[in-house]
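Both complexes shown next keep subunit A, but they swap its partner, so subunit B is in the first and subunit C is in the second.
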Partner chain A sequence: MEWFESFWAIHSNLILTLGTNALLALSIYLTLSCGLLALANGAFMGIGAYAASLLTLNYDMPFSLALLVGMAAPMLVAFVIGKPTLRLSGVYLAMATLGFGEVVRVILLNTESVTGGALGLNGIPQYTQWWHVALAVIIALYVLYRVKHSRIGRSFEAIKADETAASLMGVDIERTKMTAFVLGAMLAGLAGALNAHLTFFIGPSEYGFDRGVEILTMAVLGGTGSLAGPVVGSVILTLLPEVLRSFADFRLVVNGLILVVIVLFLPQGIWDPGLFRRWFGRSGKRV
Partner chain B sequence: MLVLDSVSKSFGGLHVLQDVNLSVEPGSIYGLIGPNGAGKTTVFNLITGLLQPSGGSITFEGASLLDLPPHQITQRGIARTFQNIRIFKEMTLIENVIVGRHRHFTYGAWSLLTRSGAFRQQEAQARERALELLAWMKLEHKANDLADNLSYGEQRKLELARALATEPKVLLLDEPVAGMNTSEKVDLMTEIENIRQRGYTIFMIEHDMRFVMGLCDRIAVLNFGRIIAEGEPADIRSNPMVIEAYLGKDDDEEVTA
Partner chain C sequence: MLEQQLVNALSLGCVYALFALGFTLVFGVLGVINLSHGAVFMIGAYAALEIVTRLELPLWISVILAAGVAGLFGLAIDFLILKPLRKRNAPHLIPMIATIGAAIALNSGAQGVFGADNLRFPPALLPNEAIQFAGLHITVIELVIIFISFSLMAALMFMMKKTQTGRALRAIAESPKAAALLGINVEGLFLLTSFAAAALGGVAGVLIGLYSNAVFPLMGQPMLHKGIAVVILGGMGDIRGAMIGGLFLGFAEVLSVAYIGSTMRDAVAFGLLFLILLLRPQGLFGKVLERKA
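Moving on to the complex of A and B:
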């Protein structure tokens, strides 16, 4: 077991990041599967991270409670900003949610007495164990799987396909979209809270525009047709920088290049059941 | 059952509908005809809550439908199909129909997560009913195909099955045979007659005169946003205003919509 211990010592951080990134990709998968291009997940992650860290750091709260607050806080915020913004669609919703993300970042930056401003929060207790992350991913996958194969998941898919038709089938569009948005915020917040208690330090710049785009990229890269897609996408995007370590400065270039290729040639993402069927020649029935 | 009382609709200065009065009786097939651009689909959009009328009232079983969002109107028992087919193409046929069953699911979040008895029973029931409705439309053998792979006529039938899945009291059909060939039309005519036999009330917009005259109990004619005639098919056929407005000059354009 010695090799494992040394392997774990070197790579544990990376493996746990895999888990939190998977949660993030799943969080945006929820809104994407509803046809909503909402890019606020980076901000929700930040809200969750800060809310949970402030509790453990300043008030010695138990980790479980901090995690709960780390999920509840972004849910609440999502509910409030979802009311006006979810009426928007397409690029307008993307703009509004990006704007919201910037607002969150600037607030974190300027409320120095609470959040430490640009210096961020230091010395967050490292409570996150590997099994916390594993359990969170498993529960998230289970819940999302159940949701997908229920009336809610079907409503998501129907809204994505044709909002008007869905509403005339009796689907409450506003409520269903809100469900997707709030659940997504909860997952992002959970990922943020777990991640914060892993990394010792958090700062506002981690939850800005770049993070939002990274989360979106993971989901789009993997494909949003199934639950496996976002997970695969997050694994690839997390491991890619490690694999490309030797390219040093060109890492981001290669990263971007791969994305362009994927979007051009595999628009449904890497995990595309339809494509697999075509490749492996099974007939057009759906799983 | 479904009553429109002096309903009007204008977009800015454009009066699309003026003083429209209609009354659809339970168990009947009611037809709304008129030249292109007469405002027929607008009538449907007003009834289903996609648009709000500028004036007048719309009542269904005695209760007003004004200011209700579309999904609540569906829940009261009004379903519709669309002129330009709007099925969920990336979903299978049976999933399409089950979406129509949406309001009949009552299970909550907890039974969804635990796959409780109520959850499984309702899902199984929905599948069963969906298969039955697909069988009515003779599509049950394709239940697990993607809707996108259906032919045009089959897509119309799927839309009909999906609308029926909401268990409506009134079914609004917006040009059900548009773009269909003759045999498909005859086929669908039989299906619609069958649906009526099962106790549904039908309100349809249609261009195809033979189709309308053959099926409907009563017909209203809409021209430039006004009802110019209303009555039984025989009366409509012989009404000079109707012939002038619609039948006389529009004969060659029947296929346009």
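Moving on to the complex of A and C:
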């Protein structure tokens, strides 16, 4: 087991980041499955991370309670900003939520007495164990699987397919969208709280624009047609920069080009059951 | 003192407006959130720097050439990435993600080629002394920024309102399909829009590079964030809104630094943005678009 121990010592951070990134990708999958192009999940992650870390850091709260607050705080914020912004549709919503992400970053940056401003929060206790992350991912997958096949999951799909038709069928559009948005915020907040108690340090720049866009990229790259897609996408996007180390200075150039190529040639994402079927000639039933 | 701040605010706001114009043009006409606009802005700045230092051409020529270089990059991104996606009728977010890939590649490519350091324009490029005008100090670079920005904005406004091309572009913004049925060369105008938008971004890059005298690979990222703020403030896809929003952001930033404190620079601007999002998420001049069944 010595081999495993040294492997774990070097790579444990990366592996646990895979888990939190998978949670983030699933959080945006939830809103995308309802047809909402909301890109505020980076900000919700930040809100969760800060809320939970402030509690464990300043008030010695137990980790479980901090995690709960880390989920509840972004839900509350999502509820408040969801009211006006969810009226927007398509790219307009994407733009507005991107703007919201920047607002959160700037607020974190400017409330120095609470959040430490640009210096961030230092010395967050490292409570997150590997099984916390594993459990969170498994529970999230299980719950999302159940949601997908429930009444509410079907209304998500109805809204995504055609909002007007869905409302004529008696789906409460506003409420259903809000549910997806708030649940997505909760998952992102959980990922943020877990991640913060893993990395010892958090700062406002981690939760800005780039993070929001990265989360979306993970989900869309993997494919948003199924639950496996976002997980696959998050794994690939997290590992890609590590794998490309040999390109040194031009590592991110290759990273960016790979992204473009995947999007161009696999428009449904990497995890595309339809494509697998065509490739391997098995005639499964349409999902 | 106030008048002096207003001059600074005007020149900064002009650059924001110029940058946001390109961004909002692509958003309005192509319906794409073009996240490589910041990278194209950076390319413009590096192009001008290279032309000035290596070819030793005068500044005004290098601004034009830099706009051309940035425009070609925009054209290449459209031709190589956005066009194939349009053909395939890819959903909204796919082109946006493709432009992220392009931006990552361009930003880190610039870092690989030029290094991560701040590069500067040669000092003797523009006369440094301020011009005294009605008790105000206006530097030559500020005058250049204001002049170039307003002429480009006026030219774009004129083109959109009065020319056949502008009318065609507005038709495409309403519905590309209907425009194509009317015999408009939609594909050609998409390419033209991408070129023009990137050229505007490139000019903004040169101007900011001169104004703050710093050119570096990631200079486009903060600008992109501000561009998004401006476009939301002014109304998404609205050209007039981008100009007013840009100027507004410039004034909000400069005045909050002057009267509240330098740490509040972004806070005031983005606080306003937040209010707009809560009260009028469609922007000051935008309309809520209901999807047609």
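We take it that the second predicted complex is superposed on the first by the 285 of 287 C-alpha atoms of A that agree within 3 Å, B and C clash if a C-alpha of one lies under 4 Å from a C-alpha of the other, contacts with A are read in each partner's own complex, and residues count from 1 in each chain.
Here, a residue touches a chain if its C-beta (ideal position, glycine included) is under 8 Å from a C-beta of that chain, and two chains touch if they have at least 3 such contacts.
This structure is a prediction, so every number in the text was calculated from the model and none was measured.
> In the superposed model built on subunit A, check whether subunit B and subunit C fit or clash.
Fit - subunit B and subunit C, as placed by superposing on subunit A, sit side by side.
> One more residue to check, A:E102. First (subunit B), second (subunit C), both or neither?
In the superposition, A:E102 contacts subunit C only.
> With both complexes overlaid on chain A, does A:E5 touch subunit B (first), subunit C (second), both or neither?
So A:E5 meets neither subunit B nor subunit C here.
> Output check: A:M169 vs subunit B and subunit C. Expected answer is one of first, second, both, neither. What do you get?
Only subunit B is touched by A:M169; subunit C is not.
> In the overlaid three-chain picture, which partner chain does A:R146 touch, first (subunit B) or second (subunit C), both, or neither?
In the superposition, A:R146 contacts subunit B only.
> Using the touch definition from the top, say if A:G256 reaches subunit B (first), subunit C (second), both or neither.
After superposing on A, A:G256 lies in contact with subunit C but is clear of subunit B.
> To make sure I follow: the centres are taken over C-alpha atoms, the vertex is subunit A, the ends are subunit B and subunit C. What is that angle to the nearest 10 degrees?
90
> Using the touch definition from the top, say if A:D60 reaches subunit B (first), subunit C (second), both or neither.
Once the two structures are laid over each other on A, A:D60 reaches no partner at all.
> On the superposed three-chain arrangement, identify whether subunit B or subunit C touches more subunit A residues.
C
> Have a look at where A:L221 lands relative to subunit B and subunit C in the superposition and call it first, second, both or neither.
A:L221 sits against subunit C, while subunit B stays out of touch.
> Does the superposition put A:S155 against subunit B (first), subunit C (second), both, or neither?
first
> After overlaying the two complexes, what is the shortest C-alpha distance between subunit B and subunit C, in Å?
8
> Find the residues of subunit A that appear in the contact set with subunit B and again in the contact set with subunit C.
Common to the two interfaces on subunit A: residues 162, 164-165.
> In the complex formed with subunit C, which residues of subunit A make contact?
On the subunit A side, the touching residues are 37, 81, 84-85, 87-92, 94-96, 98-100, 102-103, 106-107, 109-110, 112, 117, 162-165, 208-210, 213, 216-217, 220-221, 249-253, 255-260, 263-264, 267.
> Mind pulling up the subunit B residues that touch subunit A in the complex?
48, 50, 69-71, 74-75, 79-80, 82, 86-92, 95, 98-100, 102-103, 105, 107, 112-113, 115, 119, 123, 144-146, 149, 162, 165-166
> Looking at the complex, which residues from subunit C come into contact with subunit A?
27, 31-33, 35, 81, 84-85, 88, 90, 92-94, 96-98, 100-109, 111-112, 221, 224-225, 228-229, 231-232, 236, 263-264, 266-267, 270-271, 273-274, 277-279, 281-282, 286, 288-291, 293
> Can you list the subunit A residues touching subunit B in their complex?
Contact set of subunit A toward subunit B: 143, 146-147, 150-152, 154-155, 157-158, 161-162, 164-174, 284-286.
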